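Per-chain residue numbering starts at 1, and chain names A, B, C and D are given in the order in which the chains are listed.
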Amino acid sequence: MQIGFIGLGHMGQGMARRLLDAGHILTVYNRSRDKAQDLAGHGARIAETPADAAGGDVLITMLTGDAALEAVLHGRHGALPALHRGAVHISMSTISLSLSERLAALHGEAGQGYLAAPVFGRPEAAAAGKLFIVAGGDGALIERCRPLFEAMGQRLFVAGPQPQSANLIKLSGNFLIASVLESLGEAFALVRKGGIDPQTYLEILTGSLFPAPLYQNYGAMIAQQRHPPGGFSAALGLKDVRLALAAADAQQVPMPVASVIHDRLLTLVAQGHGEGDWSALARLSAEQAGLK
Amino acid sequence: MQIGFIGLGHMGQGMARRLLDAGHILTVYNRSRDKAQDLAGHGARIAETPADAAGGDVLITMLTGDAALEAVLHGRHGALPALHRGAVHISMSTISLSLSERLAALHGEAGQGYLAAPVFGRPEAAAAGKLFIVAGGDGALIERCRPLFEAMGQRLFVAGPQPQSANLIKLSGNFLIASVLESLGEAFALVRKGGIDPQTYLEILTGSLFPAPLYQNYGAMIAQQRHPPGGFSAALGLKDVRLALAAADAQQVPMPVASVIHDRLLTLVAQGHGEGDWSALARLSAEQAGLK
Amino acid sequence: MQIGFIGLGHMGQGMARRLLDAGHILTVYNRSRDKAQDLAGHGARIAETPADAAGGDVLITMLTGDAALEAVLHGRHGALPALHRGAVHISMSTISLSLSERLAALHGEAGQGYLAAPVFGRPEAAAAGKLFIVAGGDGALIERCRPLFEAMGQRLFVAGPQPQSANLIKLSGNFLIASVLESLGEAFALVRKGGIDPQTYLEILTGSLFPAPLYQNYGAMIAQQRHPPGGFSAALGLKDVRLALAAADAQQVPMPVASVIHDRLLTLVAQGHGEGDWSALARLSAEQAGLK
Amino acid sequence: MQIGFIGLGHMGQGMARRLLDAGHILTVYNRSRDKAQDLAGHGARIAETPADAAGGDVLITMLTGDAALEAVLHGRHGALPALHRGAVHISMSTISLSLSERLAALHGEAGQGYLAAPVFGRPEAAAAGKLFIVAGGDGALIERCRPLFEAMGQRLFVAGPQPQSANLIKLSGNFLIASVLESLGEAFALVRKGGIDPQTYLEILTGSLFPAPLYQNYGAMIAQQRHPPGGFSAALGLKDVRLALAAADAQQVPMPVASVIHDRLLTLVAQGHGEGDWSALARLSAEQAGLK
């Protein structure tokens, strides 16, 4: 299969590399070309424009959100007009339900396939092919693309025949992660002020109730008070919680904890910490408790 | 060791039985005597009063909260005056930090040992000796009591030399569980209104981000919309979140998600659902979203 | 001045009537024509289309929100293309900042004036010419339109040279009203459960701390537990709080109380009470407290 | 009438002075004696102990809360044992419902009268006899004490025969004030980031929707970003919201906005701003929005 891959950020780079390593022929595009260079060394062709990447059987997009995806699809030298009838667009970005619905309609009218296939996992997991992928759309199409998903992920979940179901699951999942961060942050602030060693506390939590990598990894960041840039930023977290709340609002689902988290991520961003890891929610709890 | 065991509710019954099965000599007391009867068949002596259960080397208490514990300790025929110098009181109930501190002082003055050793786990885990036990207090004393903890739990964690540290960890842990319930409830309401099958959603969550029994067990209750009495009730959950917030207030730690959960558990209780399982937080989310 | 007036709902009807009574020449348009009929009896000409109403010196629009306003401006036989160079559009609806900004740009390009002039007041105030009007835009233009504002309102406030400032003030004002409703609702639930007569409580509040019509009028509705349709609905309230939160999100301003209110209005709407008065927020508080 | 007056803080000083000016015979007590000195110059006798102030017909207490009141009543040389049969205790402090209930019982058993009569108003209002007083308790007793209330307040409201009703109204009223501060704070942060002049905004609010002194006075503090010590502190505000939430919890009334405010006042206190005016809630909103 001839695959075009657009978006070589922290996540996309690892995913594209996995496809190359699995023997697929890849044409890659990224707004800043230097990120593509590295993949060229592993056999990828570098496209000069989004349109240039969209000439094959499959187009994979992995961008930071609605605006970026719309820019590469509809902008100057955009990918959409270049896509063949019969081709399939696998949209792996975390985007709004409404954009996903619009894309499903557009591709349908153009005789093209469309799958929403967002992923769970951090950049390390992308590089190791250990992502969890949630795919929504036509079942037969998902099966046809399974080899690609298997190159990129450790497991594929089928959300259902509506592409946007996969987007909703992704958004709700990111909300659940955010709620873990926020509640861990509150809990750590409480026990730290109570004189308990954060590392001991983390061991108790992950050794008993919460034996899950998510709690272990983020818990360690919180216990050590390290929230450096480079993972998943507060700004991206805010974007995703905002999209989850937009879907909730459209479907009339009150989500009070999601609202609290929105306001706290917004605080981080407004105070200039948008680029730091979103686990800095815990630092906000600590600061509000008067901890240093 | 001669052990007195007071409090034979859903949890205490299983714990006492495990001690008997491990060969310990037990005198048990419960306000309503019928719950003690069953244990008598397995070798326990039945005490007529709390005092009557407090004559041995160790007194274990497992009650529903501060008021119940204070009643058996300080009430008519109370356990406290009957406890020997040199005996140790292992307080396993989920109680307030302030009561735990007061008990530590009282027992200290009386030349007695005091350990706070609250547990994580539901009644099934208590019956199977699979509890997680968090012990706070003098390290040597904890070691001396280790055989008892090992009979009741699958793992013992040491919180530190202050007994109330264990209580704080327990309360913060119950807050973390409640936050999982609340956020799962919001997420399930969202995806259900989005047309996604709850069972599929649960499999995706527990197969990817959240491979922990807590998410599996409570997630199943939420997916199936079953929150029957008999496990851990909304009323008890409210009590624990209230105690966590009291500790947070005393130590000046703002906990916005804990406050949201408090108000929602209070809603359940005020609307007459205090006896149902606290995972009914999810039903509240569903109702507020207009789902049936 | 030749005035076109589009939007004859609860509010628009009274406002148009006031203009007629002040001697202005009015062409009115409403989607459902029957509402225009009444004004024809007072001298208004009835337009068949939005375009038909937009041929004069001034176009006033008073619709339920962004979508309705965009429909009459940009839709079939829309008003915008019919508006003369040199004419002025006074947009009195409660709309988003982003739409207001776009309209300012559009009218500017077309050599037309644009004022945002949202109002505070319920239908009775509109009928009586007792509205408070907040106007944003070019100062000279505001002065030229002052006679119109004086016909409709008891007082005109000038927000500043940016039209959207007036929209932001309006949205923030509606948030403040909603926060009064929500907090009154919580307070009344508390005192009612404490056995205090709601009417006595209302008299104490409005006789001491809160001698303002807003507290008196809404307080009476809450004390008497009457929230009938016909005033300002929960659905419209939700729309406005949503717009306030959208502006807050865009400008990075966390508003936790606004978020709480959003979720509670959303609950009312999701549970089928969108048409009732938005003071039904207080009924929600009462229900959640287990009051009937 | 021989009156004992205990508690000469910001509020008590003005109230005692009003009673002296109205011709009443006063014995005053304050923990730090210097505050009593000033009143001695206006004819008050200075008591050396609380007991020494409690020998007359009426005992008025005006302290900062439960702990302070219990100390003067039950502590060394406490007032309670010194109070005559037939005397009446007018408790004007903002205290918990549970303490008020206990005092009602205690005084009843001792053949003494008990009125709860908390006040609304800042120190300036106390000095000017402009307080609003809410009295709860036996109606005849309230009438007998009316001359005292009229010396101290501009208006007396009767809450009902249960003393603690007055306390509940006071606590709910302070919650309502806090909710005004919090929502004004959020609104001002929003409009300031939107480029609107705070002073203009304040004039619009108080000239239209909110023509009440509360909005004018606190609004001015918020517009000018001045929250100096000396009025009503964040720490006292926190205490009162905590008591309101305790009453709400006991009566099973969820109060989500009160919970938000609790957490935000707790943040102010935890960050070392407990002594500043509680309108600093608005500064917290501004900071969280990234404003300086």
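Note that a contact is a pair of C-beta atoms (placed from the backbone, for glycine too) under 8 Å apart; a residue touches a chain by one contact, two chains touch by 3 or more.
Keep in mind it's a predicted model, so treat the numbers as computed, not measured.
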Handout entry: Proportion of interface numbers common to chain B and chain C (over half same, under half different)
Key = same
Problem - Far-end chain from chain D, centres as C-alpha averages - result: A
Fill in the blank from the handout: Taking each chain's centre as the mean of its CA atoms, chain B sits from chain D at a distance in Å of 39
Practice task
Starting from the mean Cα coordinates of chain B and chain C, work out the distance between those two points in Å.
Solution key: 52
Problem - Chain centre separation (chain A, chain B; CA means) in Å - result: 37
Fill in the blank from the handout: Going by residue number, chain D touches two or more other chains at 252-256, 260, 264, 267, 270, 288-290
Exercise for the section: Please name which positions on chain D make contact with chain C in the complex. Expected result: 97, 120, 132, 134, 155, 157-160, 162, 164-165, 168-169, 172-173, 175-177, 179-180, 182-184, 186-187, 189-191, 193-197, 200-201, 203-205, 207-212, 214-215, 244, 247-248, 251-258, 260, 264, 285, 288-290
Problem - Contact footprint of chain B on chain C as seen in their complex - result: 256, 267, 270-272, 287-290
Fill in the blank from the handout: Listed in rising order, chain D residues that touch chain B in their complex are 242, 249, 252-256, 259-260, 262-264, 266-267, 269-270
